[in-house]
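Here come two complexes built around chain A, the first alongside chain B, the second alongside chain C.
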Partner chain A sequence: MIEQLAPEIVNGIVLGAFFAIIAIGLSLIMNLTGTINLAHGSFMTLAGYLAFTLMSRGTNFWFALAASAICTAVIGLVVERLLISPLYKRVPLYSLLLTFGLSLVFEEVFRLIWGPSTVPFSAPAELSGATQIGDIVLPTYRLFIMAALVVVMIALLLFLYRTRIGLRLRGAVQDAEMLAALGTNTQLLYMTNFGLGILLAAIAGVLAAGLLGLGPTMGNDLLMPAFITVVIGGMGSLAGSIVGGLMVGLAISITTLYLPAASEVVMYILMAIVLLIRPRGLFGEEGIFG
Partner chain B sequence: MTKFAHVIGVSVMGVLLVTLPAILPAVGLNISLGTTVILFALAASSVNVLLGYTGLMAFGNAAFFGVGAYGSALFIADVNANLIVGLLVGAGCATLAATLIAPFLIRRRGIYFSLLTIAFGQVFYFIAYRWSNVTGGEDGFSMTKPPLLGGSTPVLNGASYYYFCLAIFAVLLYSLWRIMRSPFGLTLKCIAQNEARVRYLGINSDRFIFVALIFSGFVAGVGGALYSVSIAFSYPLLMDWHQSGDFVMMVILGGVGTIWGPVLGAAIYAIAQNVLSSYTPAWQIIIGGMFIFFVLVFPKGLLGLGSTRRRREPEIDTEDPDVAIAPAYEAALLEGRQP
Partner chain C sequence: MSRNRISRKTFVASSAGAVAVASFPVFLPQRGRAADLIQIGASEEITGVYAEPARNEIRGMQMAVDQQNKSGGILSREVKLIVEDNANNPGTAVEKARKLIQVDKVNAMIGTVNSAVSQATSNVCLESTIPFIDTGGHTDSVTGSQCHWTSFRTCHSTWMETHATGYSIASKLGKKWYYLAPDYAFGHSLLDGYKDIEQKLGVTVVGEDLAPLGTSDFSAYLTKVLNAKPDVLIIMQQGQDLINALKQANSMGLLKRIPVAGPQGEIENFWSLPKEARVGYWGFEWYYKSPLVIGKSQAAADFIKQYTALYKQPPTARGVFGYVTAQRMMAAMDKAKGTDALKISQALSGEHFSGLWDGDAYYRDVDHQLIWPMWFGQVRPDGKNGDEWDIFDVIDAQPGDKVEKPADEQKSICKLNYPA
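For the complex of A and B:
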């Protein structure tokens, strides 16, 4: 029983950590600017493909991970400045639709450059194979992903709570107008925030490519569970995204074991139950992150 | 727009739609494209009920469209090959789907509402995708076109099916126009402008949004039910959030909050898709680029181009309950409250 269940639980936690990281990125962007970033998944896929291209040119995994994440974040910044920032003054519908159009363009560009089917993206040799913990054998790459995502989350927490920019970001969510009046360049803040969200997506994208296979729709497939994570955890809550992500991940992986056909529907049932009990989500509050 | 201009507009659109089966073959396009335009226009109009009139960022109407499509397709293939009954069953399924998720959606507004419509819309996609022994899963579900009333009654094809859809479309669009001018419709417009004020006047806006959602689901369901018959096929991607996004974009392309905007937008979208996809497999880049362009440059859509200076309706969008909605609206609102 436990031998059967343990790998699924680890799977669930790994998936959940992905959903949490993606959800935090979405949530950061959503809370500060009201933009629901439908191109979030495309940025993940983009990072995966960039890393794939770098690795096929002979660079090692670590360099590819860092370089592609930074490149993707820079592309994200350019997109934010050129396309999304002119829409901040309008109702959020327009930025939602803009990112939707963007995701259509991205997906087709991926197909043109890297082909319509999945490309072979393998984890580095030192991370392949399996690790034995007690009686349970687990794939090393999954353990690595878990560790990496925990490190990323801690780094994000430190950034948001221990730096001046983090402080301003949290302040801007509550009252951007006041912050601007006090002399903060809020446009710069919006930009930083968007770049941060995309950076998280990019890291998750490269890590996910080695786990789930890299195709043009990889990121978009992860986007929907991330949306549900945001709803379950409550918009604007960091803890909510983590708890929500783990709940969704575990629910999916355990259902996959017992009733594979229901593995996607289960997260909607979970969401419906949470919404019935707490319409604003488990940790939902008016402000963001505190 | 003056009443005269309105009459001219309606007549032009009407003549265009009635003569479309003659125009399309003349320019080398298929009549079925006309049917697609009409049915997409129904779906876009259903989005418009929520987005244009009630001010709710609905991003999940493809779910209702798809449930209507599968409802009629499954009924026609498995139970009774009868177009009229199949259509009613499809529309009924979509209405039921809307009724099931509406209680969750009406609790939130703004981007949270969008998020919920995206998420709840997608559940039907996964059901169609996974429940493959009934729905055919990823491969979709094919059927044969049913006779109009079952038995040996005629099967509608090509132009006759187009006119059948056009008749239903005309009835629904006219009802939509009437409903949006009724006290109920005016209340929806008031909710879009200042929901807090509406609540202060003693009206439970949640109930109005509930009914608007169900109405929207019904209209989209009719469109979907007719669509699966027209292509004799239904597939899960009909319910995907990309499809929902396309429907929302049709509303924006034409002009949000207008009766003819979604129709125009659907025509632009369907024709662009049809023409572009015959030239290049990468047509999505151009469609996506067109969306981005319109969002940035023409957010009011094509019909909004002329009316940017002269606004027909007061544009109030506030959460301050002390700001009055336009007096004419408020009078109608209070009238609508009376039994």
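For the complex of A and C:
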């Protein structure tokens, strides 16, 4: 029993960490600027493709991970300045439709450049194979992903709580007008915030490409669980995204063990239960960084 | 700037709206059928997990149509192929088939990759009395329990796939099996086929999982496989699902511990995999470097040459499905001297023709299944003799009539119900 359950718990945590990191990026962008970024998954895919292109030109995985994440964040900033920022003063539906359209454009561009099929992206050789912990066999790459995502989350927390920009970002979420009146360049904050969200998506995208087939829809396939994570965890809560992600990941993994047919629907059931009991989500009242 | 926060309600409503917009089928107005055109509608999974096989089917179809038009069309009428994206969804496929039939006024329908989509399209074509050849949806029911006089099938049935591969798997890899199948018509149909082999060979099944179509994380299933310690893991997933399963099996070290095999190894999937995950023993429906193709058929040699020149990669089984399907539909129209569904059906049924392989083939009159060979072989990580695409070694081949249900048995399952 425990031999079967233990690997599923680890798998669920890895999966949950994935959803959490994507959900945090979504939450960051959503809370400061009111943008529901439906192109978030496309940025994940873009980062995966950039890493693949770099690796096929001879660079190693680690350089490709860093370079593609930074490049994707820069592209995200350009998109934010040129297309999304003009819509900040409008109701969220405008940016939602824009980012939805963008995701379709991205998908077609991916098809044109890299083709409709998946490309052969490999995780680095040193992370392949399995690691034995007691009686439990765990894939090394998944353990690495879990560690990497924990590091990223800690770095994000430090950035938000230990830097002046982080302080201003938190302030802008509370009252952007007041912050602007006090002389802070809020447009710069919006840019930083959007870039940060896309950077998180990009890191998750490259890591996901080592596990999943890297095709034009890879990121979008992970987007729905991430949105559900946001709803379960509560809009705007960093802790909520982490807890929500872990709940969704664990629910999917454990259901797969006992009732595979329900493994896709279980996250929706979980969301329905949470919304019935606590409509704001588990951490919905505590504000974005609470 | 004013504060612009979103309520949970707005967020949920907006997300639901976006999903609704994304799934709403798009109907673009198309011009009506010109009187001098013969139009063939193709329903394909252009988006979704089967986008790659669908693209190759369309390539094959278009090649056949272009060749037909170059040689004067059908009865001096130009042939036009109209392709619609069924989005890998049976509901959308029904709408698109109706649109092709009612709005575009196509004379015949071909296409599909997804078995559930194939069956749904087949049913719509019967309602509208339009001849249909299922290009690449394998589930038994299309030429079995839900067969129709208007419907035919080019690719092999799941029964043929399981029976062509099952015996080889048992003799080569062992008799303790673990099944991993997609949870929809195709997977269920494959499992039925293997159940039949189990009884005949005395196979022990140590595990069986049906994973929902579109599953991205297979780790839970693969952990169960590792614990069950089978002689062989039989993976029945296709497309993106198969790629995800093999990639994750590799990252867990499973591929080095347990042999994998499957009823249907599409070369497109293996080209998309990293080399270390290109392993296993698979059923293949056609292969451009097979001994049954090379030097055995001039038509095949010409097809391979032209296809490779056009698309910069060798043809796959999907390309052959599309080519043969379109070619046979047009040949039947030619023979029927028009587009009458009954006459086309009668022209297709039982007619022997030379395929793109050694020997001939025919759509069996009892159920309209194309009877042609099925191959079994092993995937290699690397190409051979300077050809990077050639990553498959054929080990065994079975003639089509040996691996499909006998005609007498099929008669009691498939009732074609031709009009009086």
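The working rule: the second predicted complex is superposed on the first by the 289 of 290 C-alpha atoms of A that agree within 3 Å, B and C clash if a C-alpha of one lies under 4 Å from a C-alpha of the other, contacts with A are read in each partner's own complex, and residues count from 1 in each chain.
As a working rule, contacts are C-beta pairs under 8 Å (C-beta built on N, C-alpha and C of every residue); 3 or more make two chains touch, one makes a residue touch a chain.
For clarity, every value in this text was computed on a predicted model and none was experimentally measured.
Colleague: Using the overlay on chain A, decide if chain B and chain C clash or can fit next to each other.
Modeller: clash
Colleague: When both complexes are superposed, which of chain B and chain C contacts more residues belonging to chain A?
Modeller: Of chain B and chain C, more residues of chain A lie in contact with C.
Colleague: Of the partners chain B and chain C, which touch A:272 in the superposed model: first, second, both, neither?
Modeller: In the superposed model, A:272 contacts chain B only, not chain C.
Colleague: With both complexes superposed on chain A, which partner does A:227 reach: first (chain B), second (chain C), both or neither?
Modeller: It touches chain B and chain C both.
Colleague: Check the residue A:88 against both partner chains and state whether it touches chain B (first), chain C (second), both, or neither.
Modeller: A:88 contacts chain C only, not chain B.
Colleague: A:212 in the overlay: touching chain B, chain C, both, or neither? Say first, second, both or neither.
Modeller: After superposition on chain A, A:212 lies in contact with chain C alone.
Colleague: If you stack the two complexes on chain A, which partner ends up touching A:109: first (chain B), second (chain C), both, or neither?
Modeller: first
Colleague: Which stretch of chain B would you flag for clashing with chain C, going by 171-179, 243-251, 279-287 or 315-323?
Modeller: 243-251
Colleague: Where on chain A do the contacts with chain B and the contacts with chain C coincide?
Modeller: Chain A residues touching both partners: 30, 34, 36, 38, 92-93, 96-97, 100, 227, 230-231, 235, 261, 263-264, 279.
Colleague: State the interface residues of chain A toward chain B in the complex, per the touch definition above.
Modeller: Going by the criterion above, the answer is residues 30, 34, 36, 38, 83, 86-87, 90-94, 96-98, 100-105, 107-109, 111-112, 224, 227-228, 230-231, 235, 261-265, 268, 271-272, 275-276, 279.
Colleague: If we count contacts the way the header does, which residues on chain C are in touch with chain A in the complex?
Modeller: Answer in residue numbers: 1-6, 8, 10-12, 14-15, 17-18, 21-22, 47-48, 51-52, 55, 183, 209-212, 214-217, 219-221, 223-224, 226-227, 240, 243-244, 247-248, 250-253, 256, 268, 271-276.
Colleague: Provide the residue numbers of chain B that touch chain A in the complex, in ascending order.
Modeller: The contact residues of chain B facing chain A are 51, 57, 59, 104, 107-108, 110-112, 114-116, 118-120, 122-123, 126-127, 129-131, 241-242, 245, 248-249, 252, 282, 284-285, 287-292, 295-296, 299, 317.
Colleague: Name, in rising order, each residue of chain A that touches chain C in their complex.
Modeller: Within the complex, chain A contacts chain C at residues 3-4, 7-8, 11, 14-15, 30-31, 33-34, 36, 38, 88-89, 92-93, 96-97, 100, 115-123, 128-130, 137, 139-142, 175-177, 180, 186, 210-213, 215-217, 221-222, 227, 230-231, 235-236, 252-253, 256-257, 260-261, 263-264, 279-281, 284.
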